[in-house]
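These are the structures in question, set out in turn.
One chain, subunit A, appears in both complexes that follow, with subunit B as partner in the first and subunit C in the second.
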Partner chain A sequence: MDQIVEKPDTLIGKPIPKPDAPDKVVGKTTYINDMVLPRMLIAKIKRTDRVHAKILSVDISAAEKVPGIVAIATAENSPKGLIGVLKDNPPLKGDKVRCIRDEIAGVAGETEEAVDEALKLIKVEYEDLPGVFDPEEALKDDAPLIHDDKPGNLSLTFDFEHGDISKAEKDSDIVLEEKYELHYVTHTCMGPGCVIADFDTHGKLTIYTQTQYPYNYKMDLAPALDISAGDIRVIQPPVGGAFGSKLDVYPFEPIAVYLAKKARRPVKLFFSREEEFIASPTRQPARVYIKQGAKKDGTITFRDVNVYLNNGGYTSWGATIPAVMMRTMTGHFRIPNVEFHSKAVYTNNPFAGSFRGYGNVQATYVTATLMDKMAEELGMDPIEFRLKNAQKPGERTPQNSLLKTAALADCIKIGAEKTNFLEKHAANVAAREKPGRIRQGIGIATSIHNAGGAKIHKSDGCGTILTMDDYGRATVITGASEIGQGIDAVITQLVSEELGIPTSDVIIANNDSAIGPWDVGVHASRTTFIAGNAARNAAVKAKQQILAAAARQSNVSIDKLDLRGGHVVQKDNGVSVTKLDRLLRQMHFAGDDAELVMVSEYYEPPSELEDKNHVGDISAAYSHGAYITELEIDTLTGGVKLHKMTCVQDVGKVINKLGIEGQMEGGIAQGIGYGLSEELIIEEGIVKNPNFRDYKVVTAPEMPEIECHFIEDDEETGPFGAKGISELPCIIPGASIANAVYNAIGVRFDNPPITPEKIVRALHGDKIEAAE
Partner chain B sequence: MSAKVDITFTVNGAVKQVSVPANMSALDMLRDQLDLKGAKEACGEGECGACTIIIDDTSVCSCLMYAADCDGRTIETIEGVQTEDGLDPIQQAFVEHGAVQCGYCTPGMVMQAKHMLNKNPNPTEGEIQRGLEGNVCRCTGYRKIIDAVAEVARS
Partner chain C sequence: MSTIENYLAPSSIDDAAAALAAGSATIVAGGTDLMLQAGSGQKEYAPTLINIQKITEMRGVSLDGDTIRIGALTTITDLLTDEIIAEHLPVMATMADKFASDQIRNAGTVGGNICNASPAGDGIVPLLMYKAEAVLASKPNGSTETRKVPLDEFFTGPGKSVIQENELLIGVDIAVPPAGFVGGFGKFGPRPALEIAMAAVGLGGVVKDGVISDVRVAFGAVAPTPIRSAETEAALEGKKLDETTISAAGEIASSSISPITDIRASDWYRRHLIRVMTEEILNDVS
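Presenting the complex of A and B:
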């Protein structure tokens, strides 16, 4: 009697729980912060209390005498190498300090108490220097110079020109000119900064780190050490969040390495929450001057954008965000003539880093609110004006991004229909004229983001090795990092789908650079697309090897065979030819013909690097989203209550329903924080609110209802049609909220976050001033 | 070094006798002396809820409580929630609803949800949201956590 194996439902699009979730809900997961190695020392950092000063002396003599102190690292007794994108950041500062988070010494000891005591005893003498905190002030000739070799305090510039904006401005019927002031926010990962460094007796370094960028991490870390990048092994234990903050190497990581080298023992260095607020990166604050013109019929004629980024004291990956910002400024909607100029400028503020959305949060806040302002100026509704300027399928942006579908227009139309947008929008405007304390608002914002990787390195690839054991289990060794976002679940699904085995029979190995093949890391919404393609292609190769063996054994031709439910079956009728595990053992133990199923794949996406003029189709696919916010405002208190966010996004194909919704909702929470409540307040270089009480992240009661509509147009280059999705949800909400706030009360805020205080001052400023 | 205090209490059903420095927090005692590392220190000042435990019949941020004040009391931590029969319904719902991403807030979130449902087995959505307002999650946007708790309340 033939065994028939029914064709199971596809796993693609199903809600598959994360494989790491069960351990996490029982408290069993050992995060890096929980790790203890034998003979491990505890370490902390002595930071400066000045924002700009010459260091005259550092005295560690009293600190060294504290019982239990094993090693103290200072600039004087440590390697002199530099970190940072421009190699401008000495991990330990010896000559001067440039911002409040600067590191003077690292201290390692047997106990936290001993380390705390020693930190207090380190004496530093300074000569204060004048500080500069505003990027435009810092560019002036008489501004204090922060790095001797960086004239004009200029860090990185990005410039792009397309068409003729002067002519286009003359030809425009209306021109709007606006200034935006975009603020500091920070990641507030729930797991504070932590690293463990350990040398073996060959002098090779094992570093346990929170990095989301393990292979480049070796390259970025090595210059600060006296060892080769090849002698660094990166291990990634589970981490408490990353969101872009773990793209750079930060000073605390080489400092831990210096201490481990001195002590010849493992050293664990960790941050307090206060330190996490002060000494981990921020989103890049931006001052944006933008001019946009249009014809009377609503056709956009040009955009002219000048951006000043407050770089802070050093240059991290964050200074390269204009590369992404520019794509939206120049290519979101049809902009026939466009210029974009940005300057990242050194100041004595804490230095900024990369954060989910990578410049596009700022770009979208500006462009999406400007689109609304211009629609009103033209007397058009916000939907009509956007549709008028949305690109058609096959169009290329000025930077040569190929837009394969009409997703932007589709997102806008679907969003408007689902929310009855125009009717509500008009009613809210009319209601502004009537008496009443509570105002309703609705607003739309849209954006574009790379969704098929982003070729900013010479390779945007991911390596994968797939092996099968004698019991039908697949082990997938992937370069892709799991930082909580759920790539383990996605890869499990893709491989299970190809190999016809349960998801519980797939094991993912991906946290050790000595084992895993190369990958560019978790950034640019790339992992599902790039690592997903690599894993799927590896699974297809394994499947071919298995089916070829089954074909030889069964005399059924390979194109008539398939893998299903742990069996090799005849494709047309599901009749089992053999059980998969039995076949794998027969292949493995076949004497001279023995073969192990062990395949590899290096997937490089079909995309191109930008040329020196920033032209290049850097991603294999792009994604659009239109997010509509419905809210109410209490005009007496300035309180904003979000009712609902309706999110239409072009995702190619949903792989894991739970994962994609989780990425949407989590990104939206961060985007709401950007728009309404989060601001790291920095005055004269000092962080004034380094705690969760005064830095207000969104909590459960503030979350609105979220309704997602996914446009699934099967991206031809994506794994089962999927695109990368996880930054747009963080990018769009702030602007969508700002437009809804305007709809409710008729006030524009070009300086988020839109706090109750700002709303009240805007509505009742005269009375407040009189009272003050 | 602070003076030591000898205390006796019950944690996850087992009686413990320990000697703790008078200034040690309950969280540090759980993590460093009892090797119960499920509760996390994410802020150390009672603002984020990642260190939430249930003590007697109330939920507390264990970072704000002195270890010495545990004397004579009954503590439940995340490690005590799972039984031999498997995951607690709250834990199971968190897994199935995708309420976990990085998971650093999860032990505190599960303990707070458990405490909330102990006190109010049939919360409205608004009551769930307010019940969890002391617990910060930076990954999920809370919707799936709220859904998970709501499902447990329904069943």
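Presenting the complex of A and C:
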């Protein structure tokens, strides 16, 4: 009798648990920080205690004598190659130190105690140099020069011009001019920095790293070592978070390699939590001068933006964030005339790196609060003003981003409707005039982000190899890294959907650069879109190969066959033609006709590089979001309590319901921290709060209720219609909170985080003057 | 990091006092402050580490006549569920509910909170309000003896107290508050949990017919040690708790202190918070 296989419900949009989650929950996962290799040494770094100084001498003689010390690397005895986007960062500093995290020596020994002892015995003599800590101060002619070959302390600049802003300003009925100071925050990964380096007897390096960028990592690391990029094998054990912080190579990584080479043994170098705060990257702090004009009817006429980024001592990927910042400044809402100029400037502060949102957190804080202010100045409500300037589907931004679906207006409308925004907004404004300690606030902020990869390299592609074994299991070897964001679950789901096999029958291999094909890394909200497309396309190819074999065997035409529930079935009636595993074995062991299902795919998204003027449609898709915050403020203590965040986001298509909600919630927690509480306090180059007591991440009780509304507009180029979603949740909340705070108390803050003390000072400023 | 050469885990006050008599020891109870301070290099271990967690007689709350003893090893979590605390010293439970996180409350002890002598130690503020006395044990001449030090004379500076190297804090004694005694505890930090106080207030007194007497006011995080505020107490003693009195007390509370400005809060903001919380508690008890 024929076996009928019912057509199962689609997996797309279903909540699929992350395959790595159970092991993490029960404590079984071996994170890189837990790894131990045979004969492995422990290593740490001797850092400077100066922010800007000439190094006169480094004396390691006493440290070398500590029992158990095997190798000490200094600038003098190590390779001289440089790291960093501008190759301005010697992993070990020999001539001078430029910021507090600078590395003087690496020490490897048998025990942590021996290493700690040796670190104390390294003597460094310095001649202090004057420091400079403010980007605009550092640009002045008489400022201390931080790098001899970087005149004016200038790192990277970005400039974009479109239309005629001076004419537009003259034609404007209203012009607002604001200055923002956007602060230092850091990633606070649960797993502090860690790397393990190991050479084989051929001199080839295996490096176990937290990188989220494994293939380019080789290219970025090699110049600091005296070996070829091709001789580096990158292994990515499970990591405790990255969020952009693992996009760069940092000095501790080549230092571990130098030590492994000297010791001829594996070396594991790791950070303490305090070191993680001091020596891992920060978000790029920005001083933003912005001018925006509009007509009386609410039509925006121009934007003029000047940004000074505090680069710190060295240039990392962080200095390239204006590339993303600019897209929002020039292309979020219809801006007919726009100029954007940014300068990343060297200072003696710790250097900033890349961080989820990549400049768009800063850009959105500025633009979304300015939009709010302009609406009020124009006498328009915040919704009407935004809708007036929201682009329509098919429009292009000045930088040529094609807004195919442009769900901005829908996001705003749905958000306003779901929250009864206008009524609450007006009521809160009216309530400000009445007595009362607690004030309610509601605020909206919107943004745009690339959602179909971002072509910042010559390729934005991802390679995938899919093989099927004799038991019907699919192994997907993908270049895409799993750093906790959930790509393993998404790929599992996409492949399982195409091949008609259970999710438990999909195996993902993606932690070894010697095995996986190239990918450009986890960044730019790209993996679901790019790696998802690559995996799905590979699965489609495998399916074709399988169905072709089944068609030959069964004499049923290939277009009438399908894969379902581990069977090849007739598409129309579900009658099983053969079991999948049986067919795979028959294909495999077919003598001269033997074939293994083993396909590959290199997916390159339909996007283009920017030209030298920063014009180019860099992403295959863009996504908008509108987040509405409801909160209350205790006007006596300044305490802010978040009630609810209603998030409307254009996601193309939900692939994994659990995954997308997790991404939203995690991003929102970071975004709230940016807006309300997190700040790495740096005074004269020194980190003042390198601990979780004084660096205030958001904890569970402060999280508001989160209500997500996903707009599913089926992106034609995305896997099953999906777009990348992961950065907007971190980008928008800060600005949304700031606008809600204004609605509650009538005060705008151009200097997040909006702490209780700032709120109280703003409300009771007169009393402060009297007291001080 | 200095090396720990001996590890001792005595099971009685007597044994612990004997071990301390030898000198050069570090005492560990919950370890929630000590481990961090040792890890960051802020504190060095002495050659002998004495774990006092096995001294069961030092844990728990007991009532003997008119005196309540809170054993030094009583955890912050214990304060939340103890019946004697609930009946006689409810402000200790209010404090415990605002103290750090569940994990830290489970490990951290009342004695440890006192001996750490942090200017911002949450537990100390209501203890000052309850006029607690520290009970210190030592064994100088072969026999264990104790002495009592009123808590408002106990602290000498940040991290510093009158406790001697050979002494062990075994608990605090508190006279059962008089009938009609009501009090409150306020603490402010930007987070509702896992927060160190920017300022804290413990305030109580006997309220009868709207008049407050036997007033005790304590502040945390506004001076080098947690303090009693004699000026604020004087401003309230015997007064009717009306709007004028409350507002005047808030004003005196904020002007009677000279807090520091640091990364957590400015001097001005700390004074402001003290005023707000003082008035808030007075409004609650009036």
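In the analysis below, the second predicted complex is superposed on the first by the 770 of 772 C-alpha atoms of A that agree within 3 Å, B and C clash if a C-alpha of one lies under 4 Å from a C-alpha of the other, contacts with A are read in each partner's own complex, and residues count from 1 in each chain.
Here is the rule we use: a residue touches a chain if its C-beta (ideal position, glycine included) is under 8 Å from a C-beta of that chain, and two chains touch if they have at least 3 such contacts.
All of these numbers come straight from a predicted model, not from anything done at the bench.
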For A:Pro756, select first, second, both or neither according to whether it touches subunit B, subunit C, the two together, or no partner.
second
Touching partner for A:Pro238 - first (subunit B), second (subunit C), both, neither:
first
Name the contact category of A:Lys688: first (subunit B only), second (subunit C only), both, or neither.
second
If you stack the two complexes on chain A, which partner ends up touching A:Thr637: first (subunit B), second (subunit C), both, or neither?
second
May I ask you to decide whether A:Leu609 touches subunit B, subunit C, both, or neither, giving the answer as first, second, both or neither?
neither
Look at A:Ala426 in the shared chain and tell me whether it touches subunit B only, subunit C only, both, or neither; answer first, second, both or neither.
neither
Of subunit B and subunit C, which one touches more residues of subunit A?
B
Tell me which partner A:Pro701 touches in the superposition: subunit B (first), subunit C (second), both or neither.
both
In the superposed arrangement, does A:Lys18 touch subunit B (first), subunit C (second), both or neither?
first
Quick one: classify A:Ala590 as touching subunit B (first), subunit C (second), both or neither.
neither
Can you give me the overlap between the subunit B contact set and the subunit C contact set on subunit A?
113, 272, 692-693, 698-701
Taking the complex as given, what residues does subunit A use to touch subunit B?
15, 17-18, 20-22, 24-31, 33-34, 113, 187-192, 238-243, 272-273, 483-486, 658-659, 661-662, 664-670, 691-693, 697-701, 703, 706
Which residues of subunit B touch subunit A in their complex?
1, 31, 36-45, 47-48, 50, 77-79, 81-82, 87, 91, 94-98, 100-107, 110, 126, 128-130, 132-146
Any idea which subunit A residues touch subunit C in the complex?
113, 116, 272, 274, 636-637, 639, 676-677, 681, 688-689, 692-694, 696, 698-702, 755-757, 760-761, 764, 767-768, 771-772
Sort out for me which residues of subunit C touch subunit A in the complex.
1, 39-40, 188, 190-194, 196, 263-266, 268-269, 271-273, 276
